[in-house]
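The following blocks contain the structures, represented as structure tokens.
The two complexes that follow have chain A in common; it is paired with chain B in the first and with chain C in the second.
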Partner chain A sequence: MKDIKIITEHWGKIDPLKIEDYLGVGGYEALGKFISKMKPEEVVEEIKKSGLCGRGGAGFSTGNKLESVANNPKAEKYFICNLEESEPGTYKDRLIVDNNPHLLLEGIIISALSIGAKRAYIYINGNFEKQKEILERAIEQAKEKKYWGENILGSEYNLEIEIFSGAGAYICGEETALINSIKGNRGEPKYRPPYPTQAGLFGCPTAVNNAETISNIPWIILQGGKEYAKIGAKNSPGTKLFILSGAVKNPGVYEAPTGITVKELIEEYAGGIQKGKEFWFAQIGGACGKLFLEKELDAKLNFSVGTGRDLSVQMGSGSILVVDKSVNIHDLLISWTDFFRRESCGKCVPCREGTFRLWEIAKRFRDNKISDRDKEAVKDILWTLNNTTFCPLGKFSATAFQDAVEKLKIWK
Partner chain B sequence: MQTIQKILLEFEPKVENLLPALKKTSATFGYVSEEDAQKIAGYFSIPQSKVFETASFYDLVKTKKQPQILIQVCSSANCAVNNSFEIIREIENSFKIKAEEISCLGKCGEGPIMIVNGKIYEKVNLSKLRDILEEYL
Partner chain C sequence: MEIKINNKIYEAKEGEGIFKVCKNNGIKIPTLCSSKEFQEGLCRICVVEINGKLMTSCNTKVAEGMEIITESENIDKARRINLELLWADHAGKCATCKKNRMCKLQSLAEEYKIENFHFIPRKGEITGQEELDLIRDNWTRVVVENENPCISRNSEFCVECRKCINVCPEKAFGFNHRGSDIVVGTPYEKVLDCSFCGECVRVCPTASLMDQNNYGEIVETLDDLKKFSVAVLDFGIEEKILEQIKIGISPEKDLNKLLINLGFEKIISLSEKDKDNEDEIIKQIKTDYAKQEKINPADIAVFFISSKIYKKKNKNEFLDYVLSEREVARLVRDKEKIKTGKIRL
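Coming up: the complex of A and B.
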């Protein structure tokens, strides 16, 4: 099971710029199977059976999401592939495009058709210029083969695919903000409900899915949902791309079954801690991730922190930053707080003000000017961010700081 | 020569094209000036305030003239643990330029990341920094 590779199977072995290479390893067979043998409902059913859940961080059931859009009676529907990926320390979706863009494209086409969408968007991070070019090329090649466009593979299915390039805003990874940004608005989140699955892009039912999530779909169609459900953790099955960085010997992106422990990833995949460095803590899930001390590394990486007795941890985007004792914690506190101050969209006061104040306090802490009053204020600010902000970004912005105070005991 | 009119003609006047048009304008002229914003507003049949409302939100759309040498350094956690703050301090102390701190570009394997006038430099350290900046100064 440990060696099962769904996303990275052909990485480095095929030329991402040549559709023939992908076809040579069984590419677009899942699309062929769908077109010739399956109804859209059956695709959705298969994905539901697989237990696949969103790799964009929240871990929502992909099958349920697609089903709710598919069942919506409105005629016009959209499918959006979320390739914004601006979570610090996370670059897995980018690598999917770099190494096997057609796998993602095939997943997009199948998902879009399964919900009855006539148009699919790929919302790509504005800084990913090279990846945009790779995708444009893949899209062009797939069109020539009639994998999208009108009468796909001679069938009645039609689909348009379009790339929309973002413009540098972390919050645009959030699905309602993303939709606002396509519409030419500020990328601010919207109140949910209605969820995008009910009223999304241009008011139509819209499924927004992460690029990694979508890349699992061709495998599920070919091998079956039941097979997929056997891989990894029961409550959130499958494999996941983990991004290891910081003080590990071999930083990089690794595919491993869900339910793996943080320790296994560090020791067995990333080669352990670099020589001469001493482990301090690991941050899991990017800038919004919690901090884990050495004694907590046996935690299993899941999407839903279930009821089990096992220590488990929400993996979020799947990034694991290993921090060693030589790192200056002041730099990190400023990094976290300044990130959220910059990226707060400013729509709601607790986040706009709270992220700013935390950053100011982090600077005073660095300059040794921190007062007892600041330390008291931090408690209030963290509580407010955790409980009163409009969207999850505000809540995320408190996580690492809170752990730094409670677990790393930065105030002493 | 590229003009705002020519840029606009590349786009159909639909709302989905507003952000792409703003990005292109900013990339071509360095920023979206008030004059250009007026033309964009006319082309898309929206108020000029709406143009700036959208433009001012995004990092890749500038609404002010940029300095001649724009240095940006990633200060997100992965670059921070690789000493990006040391680089920011060095730029300020030795070169007397204030570097703009930016968020993660997803090039964490190659950090610290620095961008000078749009050109990306990877694995920057103090000795490389001097060589890079001397090209611009």
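Coming up: the complex of A and C.
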């Protein structure tokens, strides 16, 4: 089971710029199967059976999301592939495009058709010039083969695909902000409910899914949801791309079943800690991730914190930053806080002002000018970020700082 | 449907915001950013507790069986921290501020006893060198613009509540930049060029958007014994002025008395049917009326008191000043201050 590869199977073995290469390894067979043998609701059913959940961080059930859009009586619907990926330390989605763009494209086409969308968007981070070109090329090749457009593979299905390039803002990865951005509005989150599945892009039911999530779908269609559900952790099955960086011997992106422990990933996949370095903590899930000490590394990586006896952690985007004892914590604190104070959309008070103040205090901490008043202020700011911000970004911005105070005891 | 607020049952309609239901039932919840028309949940001050979770009351809709608490330790804490964060980002120049005692932020800060012990001011005047060093990279962009004829803009006072952006029928404003660099401004920071309906000034809770005027000159004119000051009151302005001064400025309900006290010597009230010929009526003051009363037109100062602040750009030989209800309130405020010798809260 450990060796099963769904996303990375053909990486490095096929030329991503040639659709023939993808076809040579069974590409677009899932689309063919869907068109010739399956009804849209059967696709949704299969995905539900697979237990696939969102790889964008929140881990929401993909089958349920697609189903709620599919069942919406409104005629016009949209499917959006989320390729924003601005989380620091996370670069898995763009690697999917780099290595096998047609896998993603096939997943997009099947998902969009399964919910009855006539139009799919790929929302790509504005900095991903290269990936945009690769995708444009793949889209062109797929059009020639009639995998999208009018009468897909001679059927009644029609689908338009459009790439929408954002401006590279972290908040535009949040689905309601992303939708605002496509509409031409300011990239900032919107109040939910209504959820995008009820009223999303242009007021129509919309499914927004992460690029990695979508790339699992061709496999599920070909092998069946039941097979997929057997892989990895029960409550969030499948494989996951893990991004290991920092003080490990072999940093990079690895595909592994969910439920794997942090320790296994570091030791068995990334070659362990670099020589001469001493492990301090690991940050899981990007700049918004929690910090884990050595004694917590046996935790299993999941999407939902399980109810079982096993210690499990939410993996978020799947990035694991391994920090060793030679790292200056001031640099990290400033890097985290500066990131969030720049990337906050700025619309709500606690996040706009709070992230700025954390950054300011982090700099004073570095300069050895921190006062007791600052430490009190940090407590208040973290509390309000955790409890009163408009969207999760505000909450995210508090996580690492809070762990630094509570677990790493930076103040002592 | 029935909902519970502070353990009492209230009737509410489907789709109504919690804030509104509370307001209708006399339960007070503070807010900076929401209004009757827009509830965006930006200031995070109107938080209440729903099932133990803090939620903004303005944009959260009621649901059957909902249990809402409007005062608790956590609610108070959230309001205080968020207000303090805002307060620290504010200019902090109340004593000399044009909007002193007419400011929403100030009154909330007073109510919640915000004294800013935690943060260093980001905007506004800094005195000590040490403070200056600390604050150097903390300055946000501040936009000050007084080049347009009607609206004085100074983002130093702005609390980013978005009311002006939302209310403007011409979409003249927007959020520029993001995160802690956010500033309410015009596209490409151009000089404001709109029809100057004045709605944005009306809704601004602080002194960020103000009526453009030469305040010192106005006071001087009114105090000048040689000048004969005439107030032309636009139709409907009376209630608006009394509304403005009602809270914390003056309990006086007789507008004529107030105006005479300010130094006006003649008051002309326009009726609804004068709407189309107000310019004509104003013109008659320095012509027909002056002749009839044998006053030298050069000694007359004509004030049009109206919400139509776009009239400020049409000042001419017959019309010296245009004052909005807010500017009259400010004149009253300053007169009262002199009278009592101190600021009354």
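Observations
Heads up, the rule we're going with is that the second predicted complex is superposed on the first by the 412 of 412 C-alpha atoms of A that agree within 3 Å, B and C clash if a C-alpha of one lies under 4 Å from a C-alpha of the other, contacts with A are read in each partner's own complex, and residues count from 1 in each chain.
We take it that a contact is a pair of C-beta atoms (placed from the backbone, for glycine too) under 8 Å apart; a residue touches a chain by one contact, two chains touch by 3 or more.
Just so it is clear, the structure is predicted and the values come from calculations on it, not from any experiment.
Between chain B and chain C, the partner in contact with more residues of chain A is B. When the two structures are aligned on the shared chain, A:G238 is found in touch with neither chain B nor chain C.
In the superposition on chain A, A:R357 makes contact with chain C only, while chain B stays out of contact range. Once the two complexes are overlaid on the shared chain, A:R186 sits against chain B and chain C alike.
In the superposition on chain A, A:A169 makes contact with both chain B and chain C. Look at A:E343: by the touch rule set out above, it reaches both chain B and chain C.
Touch criterion met: A:I381 reaches chain C, while chain B stays clear of it.
In the superposition on chain A, no contact is made by A:G316 with either chain B or chain C.
Of the two partner chains placed by the overlay, neither chain B nor chain C lies in contact with A:G225.
In the superposition on chain A, chain A positions 169, 186, 342-343, 345 are in contact with chain B in one complex as well as with chain C in the other.
Against chain A, in their complex, chain C makes its touches with residues 40-45, 47, 54, 59, 74, 77-78, 81-82, 84-86, 88-89, 117-120, 122, 134, 138, 160, 162, 174-175, 177-182.
Touching chain A in their complex are the following residues of chain B: 15-20, 22-23, 44, 53-54, 57-61, 75-78, 80-81, 85, 101, 103-109. Chain contact summary for the complex, chain A toward chain B: residues 85-91, 94, 125-128, 164-170, 181-188, 243, 245-247, 251-252, 283, 286-287, 321, 323, 327-328, 331-332, 334-336, 338-339, 342-343, 345. Of all the residues in chain A, the ones that touch chain C in their complex are 169, 171, 186, 191, 340-350, 352-357, 359-360, 364, 373-374, 376-377, 380-381, 383-384, 387-390.
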